[in-house]
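Just so it is clear, A, B, C, D and E label the chains in written order, and each chain counts residues from 1 on its own.
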């Protein structure tokens, strides 16, 4: 049987949830950034899957949109890591648990 | 698994807790000239603190000399600065001749000047080769320098029997005369040397990478140089016109017309030291040509007495060795063995300013600054 | 269908796996001999085939040297420092070799026995060949970091960081100079670029092509840590950079990876600028294409060796300054000049305008290079010395 | 800190010239192939190396006639122990800076070709691992008995006893000396010949002088006797002492055994 | 047919990479696993014939983002994760539960009721239409504005990242070398 759309969708969903799991369960800010990356990539996979099996692929909506998300994601990682380093310099730690000064 | 004790102290630096990296370069570091160690504290790439450590090659030369006859320690002076044994011998012979009235024949004086200028060529050519090798030029200039050095070492071998450890000078003249045909071979080598020097300068002096890596690196101001007792090309690179051949006029240097190159601005960085040595080589060729024209036949050994037993006196003989002012201080007590025998090593004294020049520079520059000082560990540790 | 697909793939890849490693072995020999000759010595000539058990030796000019090195590397003891990440210590040399090997297949090597009809192999000539090239050489940076980090040694970490900083900052001028050619040809496919340079109109003869070629070549030198940019293994400062802790065959893999990367990137330079496979007598004998391609690559490797024998090393900050302050602005300007020149040439075809355009672009590029040079080199100039009596 | 510039291309032009030059220009490529190979196992002792043949000195590209290495004892033509020049005066043993020579004098004297019976060294060892080939022993030796050899391949598997060259290993004939250092050997022999000739001439002159002095003395005695009779007749008390005949000490080649005097041989004349 | 086996292989690699990246204590190992995940995804894109996107994925993610994260890890501490800090945050169990719930309750049903496509466009047409030139044309004609905005965004991100990461150093430098 040939490769069908729902194969990819299920895979994207699984990857998305792994990213979600990572984002929720880790203390280290950098690992949370990992997980957000994984989620974004899962979304990209969906775009390409729908474009491949979608109605008129010659419009190339899928790849175009993926290009934009990749660009935005790259910018996001850069800024995210810069913030993490700035936080680290200030709080001397990257542990999300301890960054709760807004609470009081 | 215990992490190896980190040998760096944590230093608070604008918030980001960085640590000073302590690196020990040497004693078997590929770029130190012999067994010499530098404990360098690095903040990233810049040198924060540098502590030179040497003494690995100390051979107790001065104490040995006190238990041997004057002549017996002459071969050991070859091993002081093993790159230029002739000038070491000359300095020792000069000091010893002051203890006893010896008249040195003409031909010996001429041959002494020829030998020491040939050693200056060998030393400066090899130094420039090592210096550029530290810059990273993978040995090409060094091997050109060694190719020319081979020709001069063959001349030394024909004259004294050994290439590097010549043991050729005696109190009052030279051990033996040069074989016939030697002077023509020397003239041939000296005539071919400028052609090689032009090629060497074309390869090195306008090279932008060398210019940008050596200019402004390891600055040594005139005042610091004078107060630290720096002598030789390093002092002239800092803008001081001081050459012992002109100051003392020892030997027959006043007969030769030659000039002493020194830098105009007193910034005295690695580029100046590199260029002063290149220009000095040209002057040495001038001296060699004049000496080769002026030499005639004649005896080469003065009326040296059978036994060298000076009466109670002291003497300080100094010579413009390629690395600086090499001096021998002898105290004679009437016996055949010196009472005190002291060597003034130029590269050891030039090394004292290494720390001031290296602080604040990059780690790659520390290596070059050491290379530009031109140290030979045999002389530094004695 | 799968059987002849495999046959085609094997036909295309196995020659790569044979040609380039043997060229690697030969290049190590040529490099040592050429460097020796530059330094007026003879170079390796002792390793040879023993003629008779008693003595006598056919030294065949030291050609046995690469084989001897290879065998030595095989039998050298393989030391892994304690406390090193064993897995990544083992993976790093492999990861440094894979990208260089993988990239080789994008080069337009038209082997004679492939003469064009296997479309399945044509898939190798995929659309985005040039971009794929840069993407995969980007992985090399990872291998360097992995090596530096995994050997838990202060010097190799320093060397690794330096190498990464250098590779990353030289990749941008590299890519921008490739963009010029891709813009003019209009396709990323290496085959189309090669076709666009048929006969003698190689891109290097255009002014903007020459400028791009020079920038690309300097970037290539930095990318493979060669000659003036061999900072990571600067023995005079930190010992041997990121592969200090590697010995035996893993070191040989790094060595092989570096050389194959050199081949790959000079192959790309030949494709982009020197008209891959174009040369005299190509129409008559089709197998001359591969011959011309390889000779051009060897010429470029020769220039790299020649540079290695002559130039000293740059300091880290000068190296970075040179990339960001000189190469980058020049390559961006080059893109504008190329676009401008190409657009005008398209508009009207007479030779007069193209000559004028040719000269104008040369002037602009030369002025830009000199201007940037003046800006950076304000303080460095040969000095004069005075002579005392 | 730009990099591109004319200086770099000039430098590359120089390396290209050297690259091409190393194939043609003899003056550029000065490295030569070192041919000598120890085709079988290394000899056990440094002394076991072949003694006389010069070819084991390796080709003349590395060893010229001027290069000097470890010392060797000279003996004139004929059986080594009969014509050895060394008289075990132990001056070189004392003067050697690193003290690497060990001499034991023989008990009885031995007749040597020509001049008087002399001592000969029972043992004469030079520790090759200590000797720094500084040639001071050659200078101080009054008998030209020790000169510098130029053989440097003396490596042995172990470095203790084996690197000690005994008397028999050191003894080399004079014509071997001519073979390795022709110029120096001929100069040295000429100087010895001149000195011998000068000594003969002086001896002859001394005898002639003695004879003359003898006649002069006899004549003067005769006159003195005649005068005495004359004066005796006039002044018997005046003492007359003829100056003692001055004994011209022939400069014996054999120096007194006291170690203090070191006649220093001048360097061989050019 | 080997396309499906290739899919399963790549899927396994990506899922494994993602899982290790998330669960590993040692951050550097985590980053390398993440890179394996990115390359696995690039393979999937190739499988879905979006060849240019696969290339960009490797170039941007596997090349640049990977190194960026490694550098960030270098600058912060607790890299090897061998010390005693708790790796998981306090609500880690509930987090896992929520992500599972999201997967089962929201995602699976939505995938269920997507109509299976009967005749997906054949492979050859997609290969011709989705060449890089086509992509370029599309990027320029309708999406020229988005490209400019994207460029603006990237430069802003670059400048923002540099100033944020450098923190006070830039201003301090002016003072101490004035």
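Definition applied: contacts are C-beta pairs under 8 Å (C-beta built on N, C-alpha and C of every residue); 3 or more make two chains touch, one makes a residue touch a chain.
All figures in this text were calculated on a predicted structure; none of them were measured in a lab.
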item: Fewest touching-chain hops separating subunit C from subunit D; value: 1
item: Reference subunit C; chain at largest CA-centroid distance; value: D
item: Furthest chain, CA centroid comparison against subunit A; value: D
item: A-E or B-C - the one linked by more C-beta pairs in contact; value: A-E
item: Distance from subunit B to subunit A - Cα centre to Cα centre, in angstrom; value: 65
item: Intercentroid distance (Cα basis), subunit E paired with subunit A, Å; value: 6
item: Between subunit D and subunit A, distance of the C-alpha-averaged centres to the nearest whole Å; value: 91
item: Distance between the centres, which are taken as Cα means, of subunit D and subunit B, whole angstrom; value: 34
item: Contacts with two or more other chains, residues of subunit C listed in rising order; value: 38-41, 228, 309-311, 314, 317-318, 377, 380
item: Residues of subunit E touching at least two other chains; value: 52, 56, 64, 75, 167
item: Interface hub residues of subunit A, defined as touching at least two other chains; value: 89
item: Residues on subunit A engaged by subunit E in the complex (per definition of touch); value: 1-11, 13-28, 30-31, 33-35, 37-38, 41, 44-45, 48-49, 51-54, 56-60, 62-64, 66-68, 70-79, 81-86, 88-89, 93-97
item: Parts of subunit C lying in touch with subunit E, wherever the complex brings them together; value: 2, 85, 88, 126-128, 131-132, 134-136, 138-139, 141-142, 145-146, 149, 161, 164, 168, 186-188
item: Of subunit C, residues touching subunit D in the complex; value: 34, 37-42, 55, 214, 218, 228, 306-307, 309-311, 314, 317-318, 321-322, 326, 369, 372-373, 376-377, 380
item: Residue ranges of subunit E touching subunit C (in the complex, touch as defined); value: 2, 28-29, 32, 35, 51-52, 55-56, 58-59, 62-64, 66-67, 70, 74, 131-133
item: Residues on subunit D engaged by subunit B in the complex (per definition of touch); value: 1-8, 10-11, 13-15, 17-18, 27-28, 30, 64, 66-68, 95-97, 132-136, 139, 148, 183, 261-264, 266-270
